[in-house]
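Letters are used for the chains, namely A, B, C and D, taken in the order the chains are written, and counting of residues starts over at 1 for each.
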Amino acid sequence: MKRRSVAILAATGAVGQRFIQLLEGHPWFDIAVLAASERSAGKKYRDACLWRLETEMPKEIGEMTVVNTDLKSVKEAGDVDLVFSALPGDIAGPIEETFAAEFPVISKAAAHRMDEDVPLLIPEVNPEQLELIPVQKRRRSWSGFISTDPNCSTIQLAITLKPLMRFGLRRVIVVTMQALSGAGYPGVPSLDIIDNIIPYIAKEEEKIETETKKILGTFDGERVRPANIAISASCNRVDVKDGHLEAVCVDLEDKPSVEEVKEAFRSFIGEPQRLKLPMAPERPIIVREEIDRPQPRLDRDAGRGMSITVGRVRSDPVMSIKYLCLGHNTIRGAAGAGILSAELMAAKGYI
Amino acid sequence: MKRRSVAILAATGAVGQRFIQLLEGHPWFDIAVLAASERSAGKKYRDACLWRLETEMPKEIGEMTVVNTDLKSVKEAGDVDLVFSALPGDIAGPIEETFAAEFPVISKAAAHRMDEDVPLLIPEVNPEQLELIPVQKRRRSWSGFISTDPNCSTIQLAITLKPLMRFGLRRVIVVTMQALSGAGYPGVPSLDIIDNIIPYIAKEEEKIETETKKILGTFDGERVRPANIAISASCNRVDVKDGHLEAVCVDLEDKPSVEEVKEAFRSFIGEPQRLKLPMAPERPIIVREEIDRPQPRLDRDAGRGMSITVGRVRSDPVMSIKYLCLGHNTIRGAAGAGILSAELMAAKGYI
Amino acid sequence: MKRRSVAILAATGAVGQRFIQLLEGHPWFDIAVLAASERSAGKKYRDACLWRLETEMPKEIGEMTVVNTDLKSVKEAGDVDLVFSALPGDIAGPIEETFAAEFPVISKAAAHRMDEDVPLLIPEVNPEQLELIPVQKRRRSWSGFISTDPNCSTIQLAITLKPLMRFGLRRVIVVTMQALSGAGYPGVPSLDIIDNIIPYIAKEEEKIETETKKILGTFDGERVRPANIAISASCNRVDVKDGHLEAVCVDLEDKPSVEEVKEAFRSFIGEPQRLKLPMAPERPIIVREEIDRPQPRLDRDAGRGMSITVGRVRSDPVMSIKYLCLGHNTIRGAAGAGILSAELMAAKGYI
Amino acid sequence: MKRRSVAILAATGAVGQRFIQLLEGHPWFDIAVLAASERSAGKKYRDACLWRLETEMPKEIGEMTVVNTDLKSVKEAGDVDLVFSALPGDIAGPIEETFAAEFPVISKAAAHRMDEDVPLLIPEVNPEQLELIPVQKRRRSWSGFISTDPNCSTIQLAITLKPLMRFGLRRVIVVTMQALSGAGYPGVPSLDIIDNIIPYIAKEEEKIETETKKILGTFDGERVRPANIAISASCNRVDVKDGHLEAVCVDLEDKPSVEEVKEAFRSFIGEPQRLKLPMAPERPIIVREEIDRPQPRLDRDAGRGMSITVGRVRSDPVMSIKYLCLGHNTIRGAAGAGILSAELMAAKGYI
């Protein structure tokens, strides 16, 4: 595989830092340009960034000069094959469009997720949405394109729902207990969360309820028809650093047994596993049998943060089946998702 | 109201301490006897008890001598009209029976909750279950009796379900986020819960699923017919000191509007309010309109810990309505529940 | 005592909220004006303020209209006898001066603490510094004046050092473990403090090291000569909501016994106790004998948040004596300190 | 280096699990026997052990059968060259002696630390104490021996004090903020530590004050003369998972500059570094220049948990110099310490 040079937009933020951490030593991708806001532009990355990760900032990254987040500055700073966008949702929309005119943009922002001609990609779940890319390029007359990754709490849910589709998935009720890092930095004030739970995350429930249907929808060659599933989400913020835990109830028409459901989870693999993509976990879903798992601190790093851990699969007195799922929200739910998407595009010839 | 003397079983434990705290200055009840295990018997309470509450131990209680938890020791220690039992579930059963042969026993333990002839009482919800007391006394030939309070996470759920019964309540899915104090002391090791959630609490889901049906059941003069409701519970332990938060989805046949449901919550009162019982909160259910409430630390002390706070009442894409409820698990969910039950019995002439 | 009307500057902030909470039902002071930044001016207090306290916002306060923080707006809003300033340190200086030209200003800000003619007051410790007020008014030609309360971590330390002065206090080493609320709101990001300690608080060590000497200094009728004590402070932020804990080592020339030191703590009272001021705790210092106290959650509310709890007084292998002290940083360390100062001024005729 | 077979006593406990984790893939040592209490004996390790670490239990370890902690059972279970003891302090004494009659015992327990003929070893600090081994064997007529590792909070302090000895170290005042894992499992109840600090750890202050003098003492060929240093320790438990933070003040006769002290820390290396022992960190002490480091969560894993991170080195108004130090209490402070000690013994021919 030929190496590709990448630019990271919003490189100094929490997700930007994860991109840098996860791309260190990547076999296909090299970081060529780090872009951030005007306040950071012109500074060395080590001076512009309040590094929050437990591993050390890679030395050579620290020495790079941050550039402003505009097409001209990024192009002047280096030859770029690919752009990762970790821009905040409220400003991402138009900026990503200017970049997409010339470059593939893989975005973590919500701005374009529900656009009709933009993939909302989870490589194991719906690789066929990549076929929206030529549609989009044609329609928008771009030489680049935008592909999006879903919201963090949606990704892990959708990965576990995908293998349940075969059983006639009709209704889903999910209650989330989401980690602090999902709110970015500075994010949640400590005074709000110590000895407490905040039972509300702005726009999160709507994202889960709408994005999931597009992710699990069917692609007809031109557009995605949303899956015919009713979804209810209740989202809570808890005092956990990383790792969203979700309690899920599903109604399955075919009434499979608990063991059939577990087997569907366990045997689930997708294109990333078949193609042995570098970021792909061996198993997208790990099923644990202990009575008290998954737990955020013990399971969030499973599959180097890319596996979803499922536990307590059991029959439900109201719906058919209930279970818990847990994923690392800034790896599988953010930067790792973007990298895996890029890997799939590279393997399939889209970039 | 004539004053009554009470004994507390398991007086040195977490719930026992709450009983003592809440009974300080009570207008009807005086603490006459403190009973605990053999290890504590013979010691002054202040030496036998590792007091864990933020308020100081009442001075005169500290000077009382703890007696062993058997009928003879308790009777020798003082004239007792009434027994509060905070015994651990695994030993409560037979001990409570020996006491019930002579005394009214108001129990926080699970042992007898599902007995056919034992009330499972929430004074605002099902005061008619007190009529099981004469049935029980007759059947068991006791001069005393046992009445039980439900499990902490069940009480707050059932209080909010009661006013929904009129709308044709058929199905309930609840996911709980429960506080540390619900596990007693020493309870949950700090190493297990820091930066973590434990998605399992032994027997808790079963308790919610079975007890709620008895609480909301109908009494036919001889026994309680369980309510015809399907209930699904998923229980999680979170790093919060006090206050269980529950995310609830309900299916209501009559499809009331969100405003009708809120009004049903707001206007709900019961016998304790009509009788102005000392421990009764002015409003059993407080409905908050803020987007991010209820929160454990901000709402657990509402109504001196006896009100349930409901928030985020909204329509649900899968069921009819969803909402959150929060209650103080060691006050409304434990010691306060027992005291309110005793007050109702006193007001109605059962003790 | 005639009632006085007070204005609160920065009324919507964390300390401002505490002022409102503590002044509810105060026998001498009525809240007449609430001032805050332009963003809040013109709004009802309930709409301008994100209320963070566990008790409810007083209803009539919520209905008051917030005014801008300038002399003219405050004067137009009501007759004011006295101004409490909870302004941020970086803007407090000049604003407080404009108010002091006409009103007594009791300030929680650092700006004027070390001014030669401004009291740095702890009512139990150095009431004689009130005599700086006529000096200040004369020198600055003001009809009002500024009096300051020390930094929160300094107040509790100084209260415990005062009774040790008689033993020839020469050297103090203190290591603090400070609560989140000391940083205001939003303050410390939760991602920084979960499973962590931050061993640095900007300017805090300097404040402890310099303010303490002025507080314990001697007043010669014109100015305060700093106490001749060497002080070393190391300040840490920990994941505790309220209550600063401090580990203190002191060198005492007279080498008193542990019991003599404890007795000095226990018997310490000051003007607020002699005058029975409303906010004064019965005992400024509570000495606990348990091996593991004081603890923030168990002891911060002692004396309604106005007592300092001391524990583990023991002899030290390097200095003479070591002990721990704990105080509620937003009550005794902030709003309660201001109110007690105002009460002392009222009782002594300064306002 | 020839491979050696090791037995681990108390293999199912928290420190035992760390030994297993850190020995996985070790180039010199193979785990041959896992011993634990009678309750575990005869079970597979995976069934006997509640594994608490974030990494998975090594598969082949899980299949091993646990044996009882007595000499006979361990000898029957396998050929053993070396015993690591993670026994609780109250039972370790006599059990370790029975093993030492035949095997080298490297102990994490306090029982024999202060024995005159037993090394209290930190490989970088006092490798000469290994020469106590022949003394001990002769005196006790053992073919094996006991060597001990200091208490966790002492190890990291002593490593930072060692390079200060050259400046005439006379007095040390240390205040610790210690992690939960230092108390073992189940250890500290979560109800005691949420929103709280416990300012007392049984025997910890005495251990720091006495062990440090032996560690830094001088060996005269027959015994260790304690260093002539006055040490004062105040120990606190905080809500942090791993990593003890210590605020240290030292008095140094030679009055070195801050830069000289930093350079002494930075340039400090010992035998493990010279011998390139497998467990040895490249640098025993890492000096950070950021204003707010070290922090437990960010620095505890430095040098794979074996480096001590020092920060905020500054001059002190009372003593000479103050600084903070941080170490991973269950790696450098426990299992990693034992393994490094064993490596040094292997390299020097003691085992």
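A few notes on this one:
By our rule, contacts are C-beta pairs under 8 Å (C-beta built on N, C-alpha and C of every residue); 3 or more make two chains touch, one makes a residue touch a chain.
The shown structure was predicted, so the numbers you read here are calculated from the model rather than taken from an experiment.
Under the touch definition stated at the top, chain B and chain C share these contacting partners: A, D. Farthest from chain B, judged by the mean position of CA atoms in each chain, is D. Looking at A-D and B-D side by side, the one with more C-beta contacts is B-D. Centres computed as Cα averages put chain C at a distance of 43 Å from chain D. Here the spacing of chain A and chain D, counted between their Cα centres, is 41 Å. Centroids of chain B and chain D (each the mean of its C-alpha atoms) stand 47 Å apart. Multi-chain contact residues of chain C (touching two or more other chains): 194-195, 239-241, 297-298. Against chain C, in their complex, chain D makes its touches with residues 171-173, 175, 177, 194-200, 209, 230-232, 234, 236, 238-241, 245, 247, 249, 291-298, 311-312, 316-319, 322, 324. Within the complex formed with chain B, the chain D residues making contact are 52, 180-181, 185-195, 239-241. Of all residues in chain B, only 54, 194-195, 297-298, 301 touch chain C in the complex they form.
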